[in-house]
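Think of it as A, B, C and D in the order they're written, each chain with its own count starting at 1.
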């Protein structure tokens, strides 16, 4: 029984997981549809019933998982346990705070279970490349974020002084919001400079954003390229003497034991 | 006769293809012009006649191709056959559903025939590099799209709760539309947060979009760079004396052992 | 005399060029200032006189250059000759067509003369790398542009059918304009989908634009990286026997004549 | 005493720096909060007092630093000295010019002191890679900026002529502002073309922007990739037998000739 719920190797547990994924998708769809006024007016009661039904189902499943689990503490405080809990709490919260029930979309996170259904190996390899790339450039990203926030703070304050409340720059936080909207090239147009000096300053921020956007792209790309390059270069030739697997593809002698490599492969 | 329509090596068939491309361009232009009210009022009847004329011409050509083709099934269900069919169906559909006739712009896809007129070799090589690059990073792209859609779903729901219908966030689907508009840095400004908390959350989504946009670029770039690198590597010469594999394609002597290279690649 | 105008090696001609650059800058500034209403009202006559003065000066200079030039035809139909002519024509045209005089901003192109004042060598090297990179990827860029225009055409027509004139999608050309505004992530918000289906289609276009923007970046970057890589690898070791300059930095024997390289760089 | 203020190795000076960082953060927060009207109305006097308190504190600290410093001139005219001065001047200026006191957000720059608290080594290495990358591509960036400004000038003037004041293109500087908003894909939508020709021209500018945005990204990325590549290369081991230079840093035997590597790099 515990096998079906926790492992996905045999047929029964695979079927269980697939049914679970469909139920998760349906329960998220119910919340989304419920937020549309026209649909709510017509099918509100049905959707309300369905949401509680799904919640009770997930609640049962949650306690079931705790009960079946060998390492109960490990499950409850592990990643999947917390996600499973978060997926049911909002509906119960909505008894006190009506709007909270929209938070049930967090159930979408349960969809990560799909990783158990699909073959994981290839996925994890790719994910780990992305992870290594992100990790390697963590410091570069911190410097970058620090620079962006300083620009946003200084430029936002300057524009607050230059433009003033008439143009919508009613406070420094609002001006900083505008600076982020501009620097990220989103550009809603809800707050917009109208003075000549303000438009000139805004132009400079935009050109800065133009240059700055190149930096995160450059960081991620150079890491991915390096990872890719090392993937091509390495893990090509296995030494038949010492068994070392990471000889370069053009190696003639094994770099660890010095014995001659095979000509083939 | 079949040669002229299906192959593009001799002069006659090349001329046929060029005339066909011009006719395709004209027929697309007719549909576009017809949609402009002022032009429609003045030349509506003329354009209507022209559209039917082009459609009849393409219909004739379509059945002609089926008739002339040796592998009739292969043509009808092949890529070009389906495109040729799609190019004539909308006009006939417009007899029942008037608006459908604008769908004839799908004729633009027929323009892919230009590939037969131009020398294909170089094009296909480039296209296949792009294809390999896309294929290699399919998994990375799926992970990326999954992440983006989850962010859109969770952030959209959060903003729906925070902002509510007064700011235009009238339902979760609408909020998700806003999240996509923001995350992709399009930023129409038709729906915009007005509360302080909403603007703060929006700023975070924008900065996320800033970081996230780096990922697809990084993926495509690293694949293209790797393809480029392997193209350079492919032309390398192997030294038959010392076995060094990375001699330049124009090397006469091995750069490591100094022995003469083979004349043959 | 001709030396001063045409060459920039001696002191006199260098000074001439610097004065010329300042005059060009001033004449462009006059046109820009003249377009600002408040300034025009106060200093309109002065600016009008100045513009004619600069134009007469440039006209004199133009004929002077023709007169002094040894290869008169070469100058007149060469790049600089045409730019010099374009810089004076708009003012004369403005006698017939008043608005034409703003076209004199094209004088800004004359600023390319700065290349003669600065040391050119380094600049040309960089420019040629960019040029090679662009040339190498011409075909890739053509495929890319073709894809973008097809998406714009098909998506524009679809949105014209879906949204209709009420939302501002008044014709297919207008819808194509909207599609470009969206796909390039500019997102003015002057035309915006309001139906549910339209917003859904728009979301798809935005996500497409998100993916597509990665392609030109990837193309340019991989070309620049390859050029950079080859710059690092090449032009390091000169063979003291045959004089070949492009031996790899790790070469032990010259790849052209097979003689041993110096140990010292 | 001077040790505590100027160096960060011993415990006392580290604590001093951490307290200072918290005070800087608080003083910036005071300015930001003061700009929000509702908060200003309620706590205005308190915030006013706090700002003066922080300013007096920073002033004391500034003169203290000068007094304690061995190289007084070096501190006053050095980077940190100027930042420390700029952090206190605006408040005093606000006695004459009220709005000036918002400029005190410049205190955020003092936060760079955090570099003294954190371990610097790793940071400086990363920063220097970014710096080298920027330096190497200075010329490419200049060419790029020159191109962008010329496009902005010429396109802005053209749109001024085409669209005219009715659509908001009231002067060439305003049109240039619009061109920057468009080219950087910010797209506020405050100024927007309404004529057919104007929208066509705008589409071309957007597609240009699409292509141009690839250039800075390409430049930064290729530099970062090259820096990364050279970092890998730097750790390579040279074989003293055959002279092959690109052995991995962990190689024990040369991969080309099989002879044992030196222990010393």
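Heads up, the rule we're going with is that a residue touches a chain if its C-beta (ideal position, glycine included) is under 8 Å from a C-beta of that chain, and two chains touch if they have at least 3 such contacts.
Worth saying up front: this structure is predicted, and the values here are computed from it rather than measured.
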Problem set entry | Same vs different contact residues, chain B with chain C, by half of numbers used | different
Problem set entry | Equivalent interface to A-D, taken from A-B, A-C or B-D so that over half of the residue contact pairs match | A-B
Exercise. What chain is the most remote from chain A, judged by the mean position of CA atoms in each chain?
Worked result: C
Seminar exercise, completed: In whole angstrom, the CA-centroid distance of chain A from chain C equals 39
Exercise. Hey, how far is the Cα centre of chain C from the one of chain D, in Å?
Worked result: 27
For this session: Find the geometric centre of each of chain B and chain D from their Cα atoms only, then give the gap between the two centres in Å, rounded to an integer.
Result: 37
Problem set entry | Set of chain A residues in contact with two or more other chains | 173, 185-189, 213, 217, 219, 221, 223, 225, 229, 250, 252
For this session: Spell out the residues on chain C that touch chain A in their complex, using ranges where they run on.
Result: 185-189, 217, 221, 225
Problem set entry | Contact set on chain D toward chain A in their complex | 28, 31-32, 35-37, 99-100, 102-103, 105-106, 108-109, 111, 122-123, 126-127, 130, 133, 141, 145, 148, 173-174, 176-177, 180-181, 184-190, 213, 216-217, 219-221, 223-225, 227-229, 232, 247-248, 250-260
Exercise. Okay, in this complex, where on chain B does chain A touch?
Worked result: 139-140, 143, 150, 153-154, 157-158, 160-161, 170-173, 182, 185-189, 192, 196, 199-200, 202-203, 206-207, 209-211, 213-215, 217-219, 221-223, 225-226, 229-230, 242-246
